[in-house]
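Same chain, two partners: chain A is paired with chain B first, then with chain C.
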Partner chain A sequence: MSTVYVQVNLPITNVLCLDMAIQEAGGTWNAPEIIHEIRRAKMKTATAQGAQSLISANNEYAELLRALSPETIPRTICVNIEGRTLTFIKNRGQYSTRTRNGTQSGLIGAIQSISKLYDKNMRLIENELNKTIQTLEEQKDLLSAEQVQSLRSVIEGQQSTIQSANQERVDEVTKEIEEKLAARGFEVRRRMVGKKIVYQAVRR
Partner chain B sequence: MAEESIRIIVHDDGRIEFETHDIKGEACMDELEEILGELVDDLAEATKTSEYHEPPSSQKGTNQSKNQQTTGSGSS
Partner chain C sequence: MIEVESTVMWIGHRSEHSAIYGPGLRYVIWTQGCTLACGGCWNKQYWPKGGTPVAITDLVEEIRRVKGIEGITILGGEPLQQANATLKLIQFVKATGLTVFLYTGYEPKEFDETMQACFDSSDIVVTGRYVESQRNVSLRWRGSTNQVLHCPTGRYSLLELNEQNEVEIVVNEDGTIELYGYPDSEIRQWIENQTVT
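Let's turn to the complex of A and B:
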């Protein structure tokens, strides 16, 4: 008798977004300390009273965002959802796990729910980011240099968390594609078109 | 013999698009499975053109299998 395993994946291109999605789906995970610190710092930016307090909160938040890199995210995470604990392993820029077919009732739905919430939150984060950039542009003449700088730091921190994690995924994916194409006898040409990497592989 | 070719685009947020030419029949999906099977979740859902249903010996053809897959998320 054979046992069939079903693979489920979680996106991690933005770990903050993943954190939000897991919480929103009613789950918990063993988030590293830096994620807890970022949650607290973000809360402070929302509740800060007065310009100096807001500048200080923004600076702290930005510093933590900059410190968040793929290296600070654990290779293995445990997600508690639907009364079960799943261990995910980081692989090719995303977390994945396998669960026995037939035992995953409700679980796949919960993981899909996290993925959908992830996408929703990702759009939310991008909208917030764009709004902050717009606000900064519109109000830069009214804000003090220190306020402008602190907002710029937050924007850069948010952008860097997205870009650094994406870069990790792109590096892993491209390495694997190049190796597999070569192993299967394809001649590969690689070029950049804007931010995209385009492979043209030919086998005669 | 016709050249078999695969064009793969990796976006800066990790999404993968791919398109094959002149790889006939099921060999096309087999080839894609070997190369992208572990990177693309729903490879079987790739859009198949009429060329997919041609026998492997056929020489003419254009687009065989084309798909865009979101493997991660991010700014796009």
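Let's turn to the complex of A and C:
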């Protein structure tokens, strides 16, 4: 008799979205200290009173976002949800684990709901980013140079969390593609089309 | 003058620069809608009617703006189930000097007049259903051995055809992957396991 396992995945293009999604789904995880610091700094930006206090909160938030590189995210995480602890391993730009099929449908449902919440939070963060850019555009003549700079830093920080995670994922995926195609006897040509990488593989 | 206004093509997907669906770099259009329902078809998402309606005028403008392509390739879905739109697209694209590669699951004996006109004005055509039991990934530009390559206009010659297995993998900016061509089952499985976020 064999046991069938299913693979479940958690997206991590933006680990802050994953953090928010796990919390919203009623779960917890062993988030690294920087995630806790970012949560606190973000809270400060929302509650800061007065221009100087807001500048300081924004600068702190931006600095932490910039420090959130893929290297600061652990390769293995433990997620507690539905009374179970699942260990996920970072692989190909996402966290993956395997669990027995059939017996844990509630658990799998909870993981799937994290993925859905993740998508919602990604849209939320994108909206937040666009709103910050818009605020900067609309108010740049009214704000002090210091205020403008602090808002720009937040924007750059938010963009860098997405870009660095994307770059890591692209690096992992392209390396694996090149190895797989070469091992299967393909001649591979790599070209760039805009920001996309295109592999043309031919086997005679 | 070619009448292209008011004709709409229902499209499932487009790729601006592909090198594996015909000679040179090509603008590739997957039409939406196919009732042939070949067993083992890899493009089942293009079976239902729907997709994006695109005016042929807009489509040809878009194609004209793409630099460095040798021609277009139309596949699907089933392009000849939108034969009027397909014919207008082919005529207009040919008038710009680009070449046309057409895929159809129909056999020539099944063609009506418009379908035949699509065939006659295309530079390369692959005809015939995809037959899973005859799947052969070492063929160039075809998925199963029963499918036939034609060069109706003489612009290309079958003598230039070297059979080979071709796969195209696109890695997007966010690390998501698109797979085109004729991958073997292991590569296909591996790509399918790359959950797209």
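Methods note: the second predicted complex is superposed on the first by the 204 of 204 C-alpha atoms of A that agree within 3 Å, B and C clash if a C-alpha of one lies under 4 Å from a C-alpha of the other, contacts with A are read in each partner's own complex, and residues count from 1 in each chain.
The working rule: contacts are C-beta pairs under 8 Å (C-beta built on N, C-alpha and C of every residue); 3 or more make two chains touch, one makes a residue touch a chain.
Keep in mind that this is a model prediction, so the values were computed, not measured.
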| Fit or clash - chain C, chain B, common chain A | clash
| Does chain B (first) or chain C (second) touch A:E138, or do both, or does neither? | neither
| task | Using the touch definition from the top, say if A:I177 reaches chain B (first), chain C (second), both or neither. | result | both
| Partner chain(s) touched by A:E156 [first = chain B, second = chain C, both, neither] | neither
| message | For A:E126, using the defined touch cut-off, is the partner it touches chain B, chain C, both, or neither? Pick first, second, both or neither. | response | first
| Between chain B (first) and chain C (second), which does A:V198 come into contact with in this model arrangement: first, second, both, or neither? | both
| task | Give the one stretch of chain C, out of 25-33, 151-159 or 187-195, that collides with chain B after superposing. | result | 187-195
| query | Can you pull the chain A residues that chain B and chain C both touch? | reply | 9, 11, 13, 92-94, 118-119, 166, 169-170, 173-174, 177, 180-181, 184, 186, 193, 195-204
| Sites on chain A touched by chain C in the complex | 7, 9, 11, 13, 92-94, 115, 118-119, 166, 168-170, 172-174, 177, 180-181, 184, 186, 189, 193, 195-204
| note | Note: in the complex, chain A contacts chain B through residues 9, 11-14, 17, 92-94, 118-119, 122, 126, 162, 165-166, 169-170, 173-174, 176-177, 180-181, 184, 186, 193, 195-204
| remark: Per the touch rule above, chain C residues touching chain A in the complex are 16-17, 19-20, 138, 162, 164-175, 177, 184, 186-187, 190, 193-195, 197
| query | Of all residues in chain B, which touch chain A in the complex? | reply | 1, 3-14, 16, 31, 34-36, 38-39, 41, 71-75
